[in-house]
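I've put the structures underneath this note.
What follows is a pair of complexes built around chain A, which joins chain B in one and chain C in the other.
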Partner chain A sequence: MFSGFMVNAWEISTIVAIVAGMVGFFVVLRGSAFPAHAIPNGAFAGAAGASLVGIDPLVGLGVFSLLAALGISSLGRRGRPDVATALALVMMLALGAAFLSQTREFEPQVLGLLFGDLFGVETRKILPIALLAVVCVLAVATLFRPLLLTSLVPEVAMARGMRPHLIDTAFLVVLACATTMTVPVVGALLIFALMIGPPAAARCFTSRPGVALGASVVLALLAVWSSIACAYLSNWPVGFFVGTFCAGLYAIGRIYEVLAAAMSRRLALR
Partner chain B sequence: MQLLFEPGFFSNASVRGALVLGAIVAVVSAAVGVFTVLRSQSFAGHALTDVATTGGAAATYYGVSVLAGFISASVIGAGSIEAIGTHRVRRRDIATGIVLGAATGLSALFLWLDSSTSTTGATQQILFGSIFSVTGSTVLDASILGAAILLVVALLWRPLLLSAVSTEIAAARGIRTKLIGLLFTLALAVTVGLTSIAIGSILSTALLIGPAAAALRVTRTVVRAVSLACALGIAATWLGILFAYDSKYWSSSGNALPVSFFIVSIVFFLYLLTGLPALRRRFARRTPTSVQGTRPAPQAASAAMRTQ
Partner chain C sequence: MSVPEVVREARAVLEVDDVSVSFSGRTILDHVSFEVRPGEFTGLIGSNGVGKTTLLRVILGLQKSSTGAVRILGAPRSRSSRSIGYVPQKVLLDPDVPVRARDLVALGLDAHRIGLPRRSAAQRELVERTLDEVDATSFADARVGSLSGGEQQRVLIAHALISRPQLLLLDEPLANLDPKSVQEIVALLHRVVIDHGVAVLLSAHEMNSLLPVMDRVVYVTGGRAASGTTDEVIRSDVLSALYGHHVDVLQLHGRVLVVAEPGAATDDLPAHPTLQLD
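Presenting the complex of A and B:
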């Protein structure tokens, strides 16, 4: 379980979980779940396009996730944000369908990106992914205060001269960066589960932002590690465990929240 | 005429099936879509297509009706979203995300269990749809379900509209806003389940959100928005089908471009077009007083402020 190709799986999943936990914390805080779903899904079209013209799919993923981020942010500024996200998403998916229709050759590979291939990561791919991960973590660390302020108290942020739209765009670009690195590994569909479940659960346990961010990373690591172990032992797809465990974490978080509220009420009565 | 319609367009049975199904789906999606956009439920509208797909995969595995699988999964998903959290918009977003994540995980499992059959083919079929391979029974199912959905929307019309404008006013008038919200979300779930199996999940979202959002930008009453959205939806669908049919003759390779690509591009273009300031100003001037009444509470108001 800890030898051969599994070493790569453990390493890469650790990197992915750290990034997903950190970026996901702000996804949940800002209510950006829809962009977090749309960018990885739309980026998948970029991989199809890259296969068509014969360049590295990672480049296609990067370009398209960046395009999706900028598109969502500029369209969302002039209309309803959720509508803008939905339309940007379907437009990119439709482009992907058009690319795929022109060649049948890469179809399995490109569709494989939807669910990813955690156990098939080559050693030479770890370094570029680790570098992108460092970029994401640094970006989140730099943007930490402005992100927090614009999400929680927009008026204070405005008064301090922060420009919410600029921060929003910057955040979507970070999301795009995180997408590019994680999609080939865990797939477009599951990175989303990892960005929502653990951070949303973490917020149920604590209301202090710093602690919640740390808890979110820890929970994401827990979810990914236990998923890999279960998938290895049962031979079922790892995506199933990631999806279920992330939802399970949130369920536990909500139960804790309800119990804690009941406890404090009882203490207050006493 | 010959330039526009390549040979055999009207005599082709699958084209005729596609035109009929496309029109039904466009009308149902437009009516439901206007309220989906007004209530800011676009994310749920899209997420339910993926949840429905999970149901489709499960139905294939257990060997039951795929249509039933799509619709029941979508309804269960919508119910879970409502159960997890409804009061705050941001929490509703997370609830949708959690349900979507869990559904995706289940879908990975069922696709893996199904893998005796060709899964990539099935995945692609569901995701990108195949309006051209419509059978008579699909058209019948779609018309019956579509009529039922339209009936529900018509019955809920006034309370829905009022609670979309202001939850407080609606509640003060004795409307049970939570119940109305739940009923609408269930109608949305049935719509999405139906359209995602009929035309694929990309087109399902595109036709639900696109025409409705475009229509809401240039009309000032909901009745007009729904009618315009229906017209735009049908126009986009039919033009898309025509282009897709013709595209076979465009290149020497004979590789037709997918119909979803054309329909989505037209819908996207319509949305951008209706966002042009000149066009919006013109419509706004024509009926300057009735602006309120089509926009929901604070969120949309601030969005409207930003666009000025």
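Presenting the complex of A and C:
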């Protein structure tokens, strides 16, 4: 379980979980679940296009997720952000359909982009993904306080001379960067699970923003590591476990919250 | 800086000079001028939709004016002025957002800084003291989204105060609060003005709860404003000229009632909770 191709799987899943936990903390805080769904799904069209013209799919993913992020940000500024996000998604999926219709050659690859191919990660891919991960982690750590204030009270941030829209755009670019590195590994559908489940669950266990950020990373690591172990032992797809465990974490968090509230009520009565 | 005490006292914290704003041909503010001086409590009074929020946005630099200028401490306002603290009406947050009242207050110190927060003992002490100043210590560890409107106001005031601004702008902080919270917030702001010499500019559509503490009033209606002490402004002749039709100002048990003659349009008069027996 810890040898051969599995070493790559453990390494890459650890990197992905750290990034998903950190970026996901702000995805949940800012209510950006829809862009977090749209950017990776739309980006797969970029990978399909890149394969078609014979360049690295990672480049196609990067270009399309960046375009999606900037499109959502600039259209959302003038109109409704959810409509802008939906249209950006639709636009890219339409392109994806067009690219795929040109050849049937890379259909398995496309399936891999949607559901991920954790056990098939080549060693040469680890370095570029690790570099993108470092960029994402540094960006979230750098922007932590401005992101926090603009997410909580944008009017106050604006009055202090901060520019919430600029910070919003910067965050979407980080989201695009996180998408680019993680989609080929865990797939467009599963990165969404990792970015929502662990951070949402972390909020149930703590009221401190810094602790919640850390807990979100720890829970994301727990979710992917146990998923890999279960998939290895059971031969079921890893995506099944990732999705189930992420949703399960949230359920556990909610139950914990209810129990903790009941406990503190009982203590208060004494 | 060795600015003579006399000069500093004399200088207005905020000068709004001949400010006009219009949106697509409609005039929102029509040559409005007034001053806010250090250590004074100023009420920006007017019914809803007369341009109070637009005026605050001009002062904050979030809205351009077509004429006139805003000066902060004698200098033209720059976008990132740290000498103004701003308190919005309400925080719209879910109760499960993992941010405590004390976290939001601490962000008042350093939200513009980059990197993960590492606050010194002195900074944590300052957060503690500021929470105490606004009587928020008892709910300092509660999540901001779970607090009541009055409690959120205290936290937002602490967030603004912690960076020691010279001017505190509050947009309708008393709207949607119960009468007891209104009294508490007004008393708290009065204390802030006295203790720190901060100038407070507070917008409200009802002035009676502010009468005991207000040093000056800026009375806005139809985009125009009259300013001065309450005795200078809240008078029948001044307000009639401002409204463009006759209004009477009644003083009753230390409260003020602005009423128009029967038949006059009265939707631009400020709210009168005094009509209820409380």
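Methods note: the second predicted complex is superposed on the first by the 268 of 270 C-alpha atoms of A that agree within 3 Å, B and C clash if a C-alpha of one lies under 4 Å from a C-alpha of the other, contacts with A are read in each partner's own complex, and residues count from 1 in each chain.
Assume a contact is a pair of C-beta atoms (placed from the backbone, for glycine too) under 8 Å apart; a residue touches a chain by one contact, two chains touch by 3 or more.
Quick caveat: nothing in here was measured; it's all calculated off a predicted structure.
Taken together in the superposed arrangement on chain A, chain B and chain C fit without clashing. Remark: in the superposition on chain A the angle formed at chain A by the CA centres of chain B and chain C amounts to 80 degrees, rounded in steps of 10.
Greater residue coverage of chain A by touch, when chain B is weighed against chain C, goes to B.
In the overlay built on the shared chain, the residue A:G161 is in contact with chain C alone; chain B does not reach it. Of the two partner chains placed by superposition, A:S74 touches none, neither chain B nor chain C. Look at A:L149: by the touch rule set out above, it reaches chain C but stays clear of chain B.
Once the two complexes are overlaid on the shared chain, A:S207 sits against chain C while remaining clear of chain B. Applying the stated contact rule after C-alpha superposition, one finds that A:L190 touches chain B and leaves chain C untouched.
Of the two partner chains placed by the overlay, only chain B lies in contact with A:C246; chain C stays clear of it.
Fitting both structures onto chain A leaves chain B and chain C with a minimum C-alpha separation of 6 Å. No residue of chain A contacts both chain B in one complex and chain C in the other. Listing the residues of chain C that touch chain A in their complex gives 60-62, 78-82, 84, 86-88, 91, 93, 96-100, 103-104, 107, 110-117, 141-144, 156, 159-160, 169. For chain A in complex with chain C, the touching residues are 29, 141-146, 148-149, 152-153, 155-162, 202-204, 206-212.
Touching chain A in their complex are the following residues of chain B: 37, 40-43, 45-47, 50, 84, 89-90, 93-94, 96-109, 111-112, 120, 123-124, 127-128, 202-203, 205-206, 209-210, 213, 217, 255-258, 260-261, 263-265, 267-268, 271, 275, 300, 303, 306-307.
In the complex of the two chains, the chain A residues touching chain B come out as 28, 31, 33-34, 36-37, 77-83, 85-87, 89-91, 93-95, 97-98, 100-102, 107-108, 111, 114-115, 189-190, 192-194, 196-197, 200, 236-237, 239-244, 246-247, 250, 254.
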